[in-house]
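Chain lettering (A, B, C and D) follows the sequence in which the chains are written, and residue indices restart at 1 in each chain.
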């Protein structure tokens, strides 16, 4: 276990965390402003990946594919917000969970109906392929570095938007007092749709970025959705800052856990059971992290008390 | 003079930079109605929460019936004998009036973790609940759903539930609010008689009621008690007049 | 007899009549299908204790369903292979006896629910939903990667476990066992709902302040409710494993948690009989829609959505014209 | 014992008599439980299409096939098996893709006296101690292709292998199978989380391990993710794997990342035999896509069934079993016969991923193991 390997794994964890943040940001915004638990978010991630794959196949342009992923997911997000989701804001969490669970079924099978049962092809563009030599002899994938960069840019843009723009002010007001922004003459229903679409677009972008190095297939959204929930619960639901910290924590815990735990167990048991037990524990590690955080801080790291 | 049943000593509480209560001393003695008055935002509700539980003071202690209850949770204080009514009605709205009263009787009797015999067929619980409803004048409404009651009736039901607990002290947070003139008078007459059963710490905005009922009055302004005394003493207190009562004529 | 009681009895009657008719008509599969609905109903009743009566939205009841299932799988596989379960300090053999398995399943899932509940109930609202989900996921991954009992492949039991005096491999006899257990669970839960515990729990759901003001601690009420809830769902898990003669980690999956929730909502939250109606409808939909199209999940989703949006009281709400149980 | 033998002899005599009297065997009702919805539906669809193609080509209208979707859920599969046996009264079941579903369904199907023909899954338990006279596997025992990969890696002269698979029974079997035939040493052995899609951490370890070859078993989307990320990482060590991650269906999603990878399979579309050529042509003509490994297995399963039905009546269990054991049909993979545990004895080929025009596909470059049988046959008593 060398230092170089450790640095590389930390970069991997960071990259994973940044992508999780793109997913979690939308979830936490939607919860913060509209009070909605949105299980459909994973499907929007999938929609983004499929839109990107479809456009990349037609045009061959990766950048166009990324634009398509944001536009496609935001469009689908807007449609389901206007058709279904907006009726759920005033409902309790139970209704929200159930209704969005139903939407997952519809969107997943609908996508399969449109695109077929086999995974689609989406690859990294040639100009981002290959590796880069970092200082100290660390060889690292250019695409993954770009993902970290793109993710951090998106995060910075989001923070800027919320801190500095008119929409941001309205979003912050909405988090504090829904009646008040209505009184201020803001069209709440349009604000809700906008926030939902922004969240959907970010999820779609994450889907496309990750889809290029993983597989674009039906059902790809749900595991990420659960991880994103873990992230926002750790960070404190409704807090963008919490989502960012939570995402990085989860990314690092998962990556380093998978890497380090089998080595750790190998110190006091034979190699093959250490691999097996260490891997089992690693797959549970982020849930353990979440349970631990909630026990110490029942409303997450940055949650309002 | 008898030992106080409830004794608040030097309680302070702040939220960030805002001090809600500063070094408050307050006691309630057997047989008395002790009214706590003050303008909105003076810290009355914060103080009541620290007395009843649910909010821990930054410093100071709360003694009840000779025991330090500062660290005890709300439920434990209720079991020791604090009967509380809420400023904003806190009832089980889907229940009937009688069910709410039975809830109090059940809480007081204990034996909540029983799973077989229906609670609403327990003669002992029903008798105690109906007695309390009768005392506040809600007997005829016992089958009504609580959400169908008027605001005034909900206040009465709050008091009835507190009665089923047979408390050693009542903590009443604005019981008169929302009652019509007739209702107020009836409740006042009832509270007047109640003080012999257990003393009352009464937070109230209705000055008529306060000056009619109270044996003593404490005035809370900006988190501090600026005066405590009999009704006459408070009426005569210059500081109270200028800080709180303003130039209005006192009743 | 009010309308809801009538509906309840009609529901139980239909669930009994279908298998009896199916036996006569030589359609044994219909018996199996009804048995499945009965078992799902028990699981739903379990969740309803926490969700309907206590207002605790648990998105992790698959944990208890799975623990119940594995209790059955582990005991039966040891009995099947003639390997003792524990050899030291005392010898514990596996068993194929249903009553023993049920008791073990109930105890194991109650313990799990107590532990998960004790930790999770420190949180509330969305956090509670998510932490229960996380605990179930933890067990899911554990079950997948734990090689001793089959991991992802699960455990197969070749013959159903035994119940004294009955041939459990006969569909109708196994149905009778499950149906009797459903009746017992319904009776006990209906009693508990009206007993002091049920009253106080229901009050805590509506208003925690009130419960504290009468000297009771909501946390303890919730914890007991959650434990009972887990125990009942665990029993259903053991029965489900016996129905299929198979257990696998998919019993722990979050889709399972979602489906158990669907039973409760479809039927009507907070009604003792709600999950029975919900489970019956779910099994019916699954069976009918599955034959319509490869993409039948779309229809299932649409129906679910319609129920949540337009029929808040579930089937019972539609049929009785009332949204909530306390009227 | 003697009693049983006698019965058997009688049954054989009866079936011979039937054949002699010219009373040809009748049709059969077949239940197909396979995955047609949700993730992994592509495999089930291929098996179904391959199977139905053979039934259609046989022109037999007396074979009725009931097809149901198991949604990849074990409990649904068990329920469907019960339904098909109890309600539809099928004689033969088939179709299951996944080992865990097979483990749930097969023992109870054979215990109820029905035949099960596996077109894909071959868990070791069913090949060894849990084997059954009524269970036939037409595809492979799960370890076979991994063993082939181990044998190939050895013969290709690799000395240090880095091996990885998901942490679940089939994954553990895969690594065991590879190690059984790989004579070099291991540079590393990793179990990943089932369903994991990011392999950056594993690839970093491969890079640091000093291996000269990488073997992986990551079915479905996991394999696609791994290959793309591996290609992108620039590690560049040769990769060996079983055919599952390089099959026609998913190869297009992997793309250029798979080019040149060696994978082991019992079938390939360029296998040179008449049956296979005809199969590939007719499959393309009917469904408009190239057949996959799974389609060939579905096709072979149907051929086996038809060949047995031509010889014996399905109600005559012993006769029908004998007819199945004979495996008297022209398999798409050339020579094919059953071992004593009813699992195939067949060649395992090495294929290389190439590009034909716009389409990624495989071509055979050699044979890893000839007439290979599985190691569990010795444990099978029937």
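The rule is short, and it goes like this: a residue touches a chain if its C-beta (ideal position, glycine included) is under 8 Å from a C-beta of that chain, and two chains touch if they have at least 3 such contacts.
Note that this is a predicted model, so its numbers are computed, not measured.
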item	value
Touching both subunit C and subunit D (chains)	A
Each chain counted as touching subunit A and subunit D at once	C
From subunit D, the most remote chain by mean C-alpha position	B
Chain nearest the overall C-alpha centroid of the shown protein atoms	C
Centre-of-Cα separation between subunit C and subunit B, whole angstrom	44
Intercentroid distance (Cα basis), subunit B paired with subunit A, Å	49
CA centroid of subunit B to CA centroid of subunit D, Å	76
Whole-Å gap separating subunit A and subunit C, where each centre is the average of the chain's CA atoms	32
Where subunit A touches two or more other chains, by residue	108-109, 112, 276, 279-280, 283
Residues of subunit D engaged with two or more neighbouring chains	37-38, 41, 167, 172, 191, 193
All touching chain pairs, where touch follows the definition stated at the start	A-C, A-D, B-C, C-D
Subunit D residues within the subunit A interface of the complex	37-39, 41-42, 45, 167, 172, 189-193, 195, 197-198, 200-202, 204-205, 207-208, 220-222, 224-225, 228-229, 232-234, 249-250, 252-257
Subunit A - residues contacting subunit D, complex	2, 4-5, 8-9, 12, 15-16, 108-109, 112, 116-121, 123-124, 129-131, 139, 141, 143-144, 210, 212-220, 223, 255, 258-259, 262, 271-272, 275-276, 279-280, 282-283
Residues of subunit C that touch subunit A when the two form their complex	51, 57, 59, 119, 122-127, 129-131, 133-135, 137-138, 141-142, 144-147, 254, 258, 261-262, 265, 269, 295-298, 300-302, 304-305, 308-309, 312
Parts of subunit A lying in touch with subunit C, wherever the complex brings them together	31, 37, 84, 87, 91, 93-95, 97-99, 101-106, 108-110, 112-113, 222, 226, 229-230, 233, 237, 276, 279-280, 283-284, 287-288, 290-291, 294-295, 298-300, 303
In the complex with subunit C, residue positions of subunit D that touch it	36-38, 41, 68-69, 73-75, 78-79, 82-83, 86-87, 99-100, 103-104, 107-108, 111, 123, 167-170, 172, 191, 193-194
